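I have placed the structure first, in the form of C-alpha cells, so that the comments after it can refer back to it.
First chain written, first letter: the chains are A, B, C, D, E, F, G, H, I, J, K and L, and each begins at residue 1.
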Amino acid sequence: MYVVKSPLSDDADLKIVAEALQGALVDLLDLSLVAKQIHWNIVGPRFRSIHLQLDDVVATARTHSDTVAERAATLGVPPDGRAATVATGSGIGVTPEGWVRDADAVGTIVDALAAVITRMRERVAATGKPDPVTQDILIGITADLEKHHWMFQAENG
Amino acid sequence: MYVVKSPLSDDADLKIVAEALQGALVDLLDLSLVAKQIHWNIVGPRFRSIHLQLDDVVATARTHSDTVAERAATLGVPPDGRAATVATGSGIGVTPEGWVRDADAVGTIVDALAAVITRMRERVAATGKPDPVTQDILIGITADLEKHHWMFQAENG
Amino acid sequence: MYVVKSPLSDDADLKIVAEALQGALVDLLDLSLVAKQIHWNIVGPRFRSIHLQLDDVVATARTHSDTVAERAATLGVPPDGRAATVATGSGIGVTPEGWVRDADAVGTIVDALAAVITRMRERVAATGKPDPVTQDILIGITADLEKHHWMFQAENG
Amino acid sequence: MYVVKSPLSDDADLKIVAEALQGALVDLLDLSLVAKQIHWNIVGPRFRSIHLQLDDVVATARTHSDTVAERAATLGVPPDGRAATVATGSGIGVTPEGWVRDADAVGTIVDALAAVITRMRERVAATGKPDPVTQDILIGITADLEKHHWMFQAENG
Amino acid sequence: MYVVKSPLSDDADLKIVAEALQGALVDLLDLSLVAKQIHWNIVGPRFRSIHLQLDDVVATARTHSDTVAERAATLGVPPDGRAATVATGSGIGVTPEGWVRDADAVGTIVDALAAVITRMRERVAATGKPDPVTQDILIGITADLEKHHWMFQAENG
Amino acid sequence: MYVVKSPLSDDADLKIVAEALQGALVDLLDLSLVAKQIHWNIVGPRFRSIHLQLDDVVATARTHSDTVAERAATLGVPPDGRAATVATGSGIGVTPEGWVRDADAVGTIVDALAAVITRMRERVAATGKPDPVTQDILIGITADLEKHHWMFQAENG
Amino acid sequence: MYVVKSPLSDDADLKIVAEALQGALVDLLDLSLVAKQIHWNIVGPRFRSIHLQLDDVVATARTHSDTVAERAATLGVPPDGRAATVATGSGIGVTPEGWVRDADAVGTIVDALAAVITRMRERVAATGKPDPVTQDILIGITADLEKHHWMFQAENG
Amino acid sequence: MYVVKSPLSDDADLKIVAEALQGALVDLLDLSLVAKQIHWNIVGPRFRSIHLQLDDVVATARTHSDTVAERAATLGVPPDGRAATVATGSGIGVTPEGWVRDADAVGTIVDALAAVITRMRERVAATGKPDPVTQDILIGITADLEKHHWMFQAENG
Amino acid sequence: MYVVKSPLSDDADLKIVAEALQGALVDLLDLSLVAKQIHWNIVGPRFRSIHLQLDDVVATARTHSDTVAERAATLGVPPDGRAATVATGSGIGVTPEGWVRDADAVGTIVDALAAVITRMRERVAATGKPDPVTQDILIGITADLEKHHWMFQAENG
Amino acid sequence: MYVVKSPLSDDADLKIVAEALQGALVDLLDLSLVAKQIHWNIVGPRFRSIHLQLDDVVATARTHSDTVAERAATLGVPPDGRAATVATGSGIGVTPEGWVRDADAVGTIVDALAAVITRMRERVAATGKPDPVTQDILIGITADLEKHHWMFQAENG
Amino acid sequence: MYVVKSPLSDDADLKIVAEALQGALVDLLDLSLVAKQIHWNIVGPRFRSIHLQLDDVVATARTHSDTVAERAATLGVPPDGRAATVATGSGIGVTPEGWVRDADAVGTIVDALAAVITRMRERVAATGKPDPVTQDILIGITADLEKHHWMFQAENG
Amino acid sequence: MYVVKSPLSDDADLKIVAEALQGALVDLLDLSLVAKQIHWNIVGPRFRSIHLQLDDVVATARTHSDTVAERAATLGVPPDGRAATVATGSGIGVTPEGWVRDADAVGTIVDALAAVITRMRERVAATGKPDPVTQDILIGITADLEKHHWMFQAENG
C-alpha cells in the first residue's frame, strides 16, 4: 500500500531524511518517558521545583515527537513510535528505577538531553541539503532542547 | 532510601494496591503510544475523523497515567514508567508497523481498549477492600476507557 | 443489529444496570423540561433569583442525562430519550400549566427533585454489585441533585 | 392571575402570534430530543462526525426554544414546554428506537428539520403583520434551521 | 460642512428616519441614566437582585444608544446626545430623587421601559418603507427592551 | 447531480434569490481582496490607522462572503467564488497597482463600499417577497457595509 | 426613610464629603456624555484614532461615576445622577452640536477634562480631613483624568 | 531568629503599625469565617441572593487578610493567623449556631462589618504618620468593607 | 426551626454521617488556617517554592470545607465553622508562632496533613453503609489530601 | 513615488526575491479561494469532515498570503493581490463549478496543494543566497502546505 | 516647544515632583535591567525558583517605570529614560558581570531593592504637599517594591 | 566558575557566536529603551497612533533580548545586559531628550531600526557555519525588525 506521495523525488535524499526523522521520533518519545519517570520519583529539597521543570521537558518532547512523526508521514514515510521500538532504539541511557534524589535527577536529565542534542545536531547537518524544510524543523527542536539543557545545568551549577 | 510513608499500614494491602497501580501505569502508557502510532499512520476516507478521535484517547491515557503514577508515589511505592518496562509489561498486543487503513485502525484501538479494560476491572475488584481511595480512582479511569471503547465500536458498527 | 459489545458479560447484571440507566435518563430529561417550564412561567418578587437558580438545575439535568445515556450505550444498551418515552415514564408528577407564583415554583421543583432523588438512591443501591462503574456515576449525580434539593428547600425555609 | 401586560393590544393579533410561538416552542423542544436520541444511538463509519454535528442541532434547538418561550412570556402568554405537550404537539414524526445506522440517522434528522422548517415558514408569514418583532425572531431561527438542513442533506448527497 | 453622504437619496425618507433615530437615541440615553439612578438608590429585601438586574438594562441601553447614534451618522445625520437634549427630549417621566424601595424601583423601571417601547414601536412602523436597514435595527432593540419589560413585570407579579 | 432540496419551491423566486446571493458573493470576495491590497500598499502619515481600519473591512467581507455562499448552498444553489468569476463579475472598479497615499486609499475604499452598497440595497429590495430569510441576511450585511462607509468618509471629511 | 447608617458620625464632615461626591458624579456623567457626543460627530484625518481614544474617556467616566455614586450611598447619602441634574450641574461648558473637525474635537475634550480636573483637585483638598477613604478614591480618579488630559494635549501638541 | 529587615527604622513606629496589621488580620480572618458560617446556614426567601452576596464578603476578607499578613511580614513582623488567635482576638461578636433566617443573617453580617470598620478606621488614623504605605493599604480595605456594609444595610432597608 | 428535610430517613445513620461531616469541616478549616500561617512565616532557601505549594493546600482545604459544609446542610444538619469551634475541635496540633525555617515548615504541614488523613480515613470507613454519597465525597477529599502529603514528604525526603 | 528603502541593496538579489514573494502571494490567495469554493460545494458522506478540514487550509493560506505580501512591502516592493492578478497568475489549475463529490474534492485540493508546493520549493531554492530571511519565511510556509498535502492524501488513501 | 500644560501651577511644587518622578524612572528602569541580568546569569540549586521570582521583579519594574514616566508627561515634564541617563543616574550599585551563584543573586537583588526603596520613601515624603496624586502613585509603587524585598530576604533567611 | 557546558565544542566557533549574541543583546535592550523614550515624549496629531506602534517595537525588543540572552547562556556564555554596557555598546545613535514631534519620532525610530538591522544581518551571515541554531534565531529576529522598519517608513512615506 503506497499512499502518500513524497515531495522529495530523490530516493537517496528521502532515505537520509527518513532516518533522521525516525531517529528523532524515538529519542523524543523516550525523553518524554524518562522525564516523566523522574518527575514521579524525585525526592529532596528541590522536589517541587524540579518536578515542575521536568514537566516542561515532557511538554517539549511530546509536542516535538508529534512534529517529527507527522513530518515523516508528510514525506511518505510511516513513523514508528511503538514501545518496543523506543525501548531498543533510543539514544538515551538506562534510567535507574525507584526514588531518585533531586541532584541525581538533574544529572540524569542533563545526560539524557545531552545525548539527544548530540544526535539532533548530526541530523541537522545531514538534512540541510536533501530537505531544508525538515532541517528547519530539526533546528527549532534543537534550540528548545538546548535551552532545557542549560536550565538543568544551571540547577546543578 | 525510604522516603514516603504510606497511609496504608498493612503490607499485604499495600502489595495488592501497588501491583494494581503499576499495572495500570504500564497499560496506560502503552495505550498512549499505540493511539499515537495509529494517529500518525492511519489512511482512508475516515482519516481526519479517526485521527482526531485517537488524540482524545491519547489525552485520556496521558492524564490517567499521571494519576496512577502519582497515586503509587502517594502510597510510598515508586512507579516505573520506563520504555523497557512498558514494552515488556503491557497488556496490549503488538501493533503492526506502517500505514494502516481506517477500519483496521479502529479495530486495533478497540482491541487495545478492551484488553486494558478487562485488566482494569480486575484491579477495581482487587483494590476495594485494601484501599477504597485507589479503587475510586480506578473506577473513574475505567469509566473513561469504556466510553472510548463504545465510541470506536460504534465507528465500526 | 448488535453493535456494541458490553463490558458486562452477565445478562442479569446487564439487565439491572440497563434499567437503572434508562430510568435515570427519563427522570433527568423530564427534570430539565420541568425546570425550564417553571423558569419561563414564574412570577413574583423572587422572579430573577429563582429564574436563574432553575437554570442551574437545567444545566445539571442536561449534563447528567447525556452522561447516563452514553453510559447505557457504553454497556451496549441503546438509550431511549424520546418525548413520548419521557412523558409516560418520568417519576415526576404533572406540572401545572400557566403562570406560577415564586413560592409555588419552589415547591414544585422541591417535589420534582425529591421524586428523582428517591429513585436515584434505589438505583445506587441496585447497581453496586453488578457494575460499580455505573454506581459511581449515579452516586455523583445523586450528590448534585441533593444539593439542589437543599438549596430550594432553604429558599422556602 | 394576569401578570404580564402585552405590548400587543389587539387580541386577534396576540392570538396569532401566541399560537406561532407555542407551536415553535414544541417543535424546537422535540427537535432537541430527537437530535440527542440519534446522537446517542448512531452507529457506522461516520459515527463521530454525525455524532458531533447532531450536537450542533441540539445547541440551536435549545437556544431557540428558550428564545421563543421567553418571547411568549414577553407578550403576556405563558409558554407550555412540558413533556406531554411536546409528545403530542410536535410536527416531527416518530423516531424509531434502538441503534440507527449513520445514513439512516442523517435521513431522520433531514426529515425532522424539513418538517419544522415548513411550519416555521408558515409562522413567519403569519406574524409579519401582527408583530414584526416576533417575525424577525422567527426569521432568524428559520435561517439557522435551514443551514443545518443543507449540511445534513450534503452529508447524504 | 457636509461630510457624510447618505445612502438614502430621498430627503423625505431621510427626514423620517433621522427623527426616529434621534428620538431613539435620547430615549435610550435617558433609560441608561434612570436605570443607574435606581441601581444606586434602591433599598429593600430585593436590593441585590434588582440592583444587578438594573445593570442589565444599563448595558442594553448603552449598547443600543451607540448603535442608533452611529446609524444616524451613517445616514449623514449628526446625532445629538448631550445632557440638555436628553433632559428635555426624553419620553420617560421624571424619576423621584432619594432612596427608593424595591417594589417602587421595579414599578419605575417598568413604566420607563413601557414609555420607550411605545415610541420605539412607532419608529419601527415609520421606518419600514424609507429604510428597511434602520427598521431592522429598531426591531432588534425593541425585542431587547420588551424582554426587560417582561422580566421586571414578572418581578412585581 | 441534484443534491440539496431548496426550501423555496417556486422556480422564479429561487432564480431571483440565487442571483442576489451569487452577486453578493462576488462583490464581497472582491471587497476583501481590494481592502487587503490597500492594507498592504498604503503609505503616509495615517498608515497605521488606515492599515488597521482596512482589516476591519476584510473581516466583515470574509465573514459575510461565507454567509451568502452558504445561504446559496442552503437554497440548493451551488455558489461560485473562483478567482476568474470574481475578477470578471465584481461591481467594484479597478484598483490601481503599487503604493497608494493614505488619502487616496480612503477614497478608493469609500468608492468600493459605495458600489457594493448600491447593489446590495437592490438585492434587499428584490428578495423581500420571494425569500424574507435571505432578505434579512442581506439587510444585516448592508448595515455593516454602510457603517464602514461612514467611518471612511469621516476619515476624509 | 433613613436606611443607610453612615460611617461618618460628624454631620459637618458628612456634608463636605457628600457635596464632593455629588459634584464628582455630575461631572463624570456629563463627561461620559460629552465624550460620546464627540465620538459620534468627529470628522477629519484623525477620525479613527480620536474616535477610539474618546471611548477610553467614556470607559473611565462611566466606571468612576459608578464608584462615586456608590461611595455616596455607602456614606448614607442618596446620589443624584438624573439627566436634568447633570444638564444643570455639570462643570463642563456646552458642547456645540453637529459634525466637529478632529482638531476641534481634541480641543473640546481637553477643555472638558481641564474643567473637571480643577474641581476634582478642590474635592481632593476638601475631603482629606473629614474622610481619607473618600479622598483616596478621588485621588485615583484625578490621576486617571489627568492622564487622559495629557494624551489629548499631546495630540494637539 | 531575625530575618526580615524592616523598612521602618523607628521602633515606636513599627510597634504601632505592627499592632494595626495584626489586629486587621485577626478581624479579616474572622470575618471570612463568619460570612461562610452564615452562607451555609441561611434559610428563607432570600436564600440564594444573600448566600451569593456573602461569598463576595468571603472573597474580600480572604484577599485582604493575605494583604495585611504579607504587609506585616514585609515590615519584619511575623503575622499570627492561627485559629486560637482568631477565636480570642477578633472584634466581631459571637455568631449563633444553627440555621439562621435571611433577615437575621443580614443583621449579623451588618453588625460584623460595622465592628471591623470601626476598628479599621482607628488603624487608618494611627498609621498615617508612622507608615503611609500601610495606611494606604488599610484605606483601600476600609473602602471595600464599607461598600459591603452599605449593600447589606440596603438589603434590610 | 426545622427547614431542610434529610434524604437520610434513619436517625442513627444521620447521626454518624453528621459527625463525620462536622469533623471534616473543622479539620479542613483549620488546615486552611495552618497552611496560610506557614505560607506567611516561612523563611529559608526554599521560601518561594514552599510558599507557593502551601497555597495549593489552602485552595484544597477551602474548596473541600465548602463541600462538606454544604453536604451537611444538604442532609439537614447545620454546619458549624466558627473560629472557636475550629480552635477547640481540630485534629491538628498547635502550630508554633513566629518565623519558621523551610524544613520545619514542611515538617509541620506533613504532620498536619497526616493527622487529618487518619481521621478522614476513619470517616470514609464509617459512612459507607449509612450514606454512600457522603462516603464518595470523603474519598475524593482523602485522595487530594494524600497527594499533598506525598509531595511535602518528597520535599523533605 | 519611492517610499520604502529595501534592506537588500543589490538590485539583482531584490529582483529574485521580489518575484518569489509576488508568485507566492498569488498562489496563496488563489489557494484560499479554491479551498473556500470546495468548502461550499462539497457533498457526500464525508461532507462535514472535509468541509472543516478545508477551512484549515483557508486559514493557512490567508495567514501566509498576509505574511508574504508584507514581506514584499518590507523589501520595498509593492505587492499585487488583486482579483485579476490572481485569476491570471496562479499556478493552480481551474476548479470546476458546481457541486463536487467528497472524493473529487479531496483530489482537487491535493492537486492544488501539489502545484503550489512545487513552485514554493523552487522559491526556497532561489532565495537562499539573496535573502536568507525571506527564504526562512518560505520554508515555514512550505512545511505547513506539505502537512496539509499529506493529510488530504491520507484521506483518499 | 511647550506642549503639555501642567495641572500644577506652582513652579516650586512642580520642580519637586518632577525630580521625584525622574529619579523614580531611572531607578525603576535600572532595576528592570539588573533583575534581568541576574535572571540570565544565576546558577545553583535554586536556579529555577529565583529565575522565575526575578521575572516578577522585572514585571513590577517595567510596569511602574511606565507609570512614573507617563505621570511626568502628564505634569508637563518630559521624562528621560535613555540608557546613558540610567547608567549614570541610578541609585543601584554596580552588578558584577558573569555567572552568579543563587545566594549571591538573592543578596544582589535585596540590596538593589533596598536602595530603591530608601529613595522612594524620600520621594513619598517630598511629594505629599505639592501633589498628593503623584504621592499616591509613589506609595503604591513602594508597597510593591517592599513586598519583593521581603520575599527575597525570606529566601536568604 | 565554569558551569554551563556549551554544545559548541570549537572555541573559534563559540567566540564568533558569543560576540553575535552579546551584540544583539545590547542592541535590542537599547532599542527597547529608545522606543519607550519616544513613546513617552511624542507630541503631534499622530500621538496616539505612533505611541501605540512604538509599544509594539518595545514588545519585540524585550522578547528578543530575552531570547538572545538565554541563547548565550545556553552556549555557556554569560550575557551582559547591564545599563552601562548598553549605554556604551549599542549600535543606535543618541536619542535627543525632551518632547519630540511625531514626524521626528518616526524618523528616529526608523534610523534606530536601520542601525540594528544592518548589524543583525552581519550576525546572520557570521553565525551560519559555526552554529545554524543561533543563526535561525537571528533570522527570525531580523524578520521582525525589518517589518517594523517598513511600517514606520510607510508612516513617513
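Everything below uses one rule, namely that a contact is a pair of C-beta atoms (placed from the backbone, for glycine too) under 8 Å apart; a residue touches a chain by one contact, two chains touch by 3 or more.
Chains and their UniProt names: A, B, C, D, E, F, G, H, I, J, K, L = DNA starvation/stationary phase protection protein.
Predicted model only: the values in this text are computed from it and were never measured.
Comparing I-K with the candidates E-F, E-G or A-I, the pair whose contacts agree for more than half of the residue-numbered pairs is A-I.
A straight line joining the Cα centres of chain B and chain F is 53 Å long. Centroid to centroid, with C-alpha atoms defining each point, chain D and chain G lie 49 Å apart.
If you average the Cα atoms of chain F and of chain L, the two centres end up 42 Å apart.
Separating the CA-averaged centres of chain B and chain G is a span of 62 Å.
Counting only residues that touch two or more partner chains, chain H has 1, 3-4, 43, 45-46, 49, 70, 73, 99, 101, 136, 154, 157.
By the contact rule set out at the top, the touching chain pairs are A-B, A-I, A-J, A-K, A-L, B-C, B-D, B-I, B-J, C-D, C-E, C-H, C-I, D-E, D-F, D-J, E-F, E-G, E-H, F-G, F-J, F-L, G-H, G-K, G-L, H-I, H-K, I-K, J-L, K-L.
The part of chain B that touches chain J in the complex is made up of residues 42-49, 51, 99, 101.
Residue ranges on chain G touching chain L, taken from their complex, read 45-46, 49-50, 52-53, 102-103, 151, 154-157.
By the touch rule above, chain E contacts chain D in their complex via residues 114, 117, 121, 124, 128, 136, 139-140, 142-143, 146-147, 149-150, 153-154, 157.
Touching chain D in their complex are the following residues of chain C: 1, 3-4, 29-30, 33-34, 36-37, 40-41, 43, 62, 65-66, 69-70, 72-73, 78-84, 86-88, 90, 94-95, 97-99, 101. Interface residues of chain E facing chain F in the complex, by the touch rule stated above, are 1, 3-5, 7, 70-71, 73-74, 132-133, 136-137.
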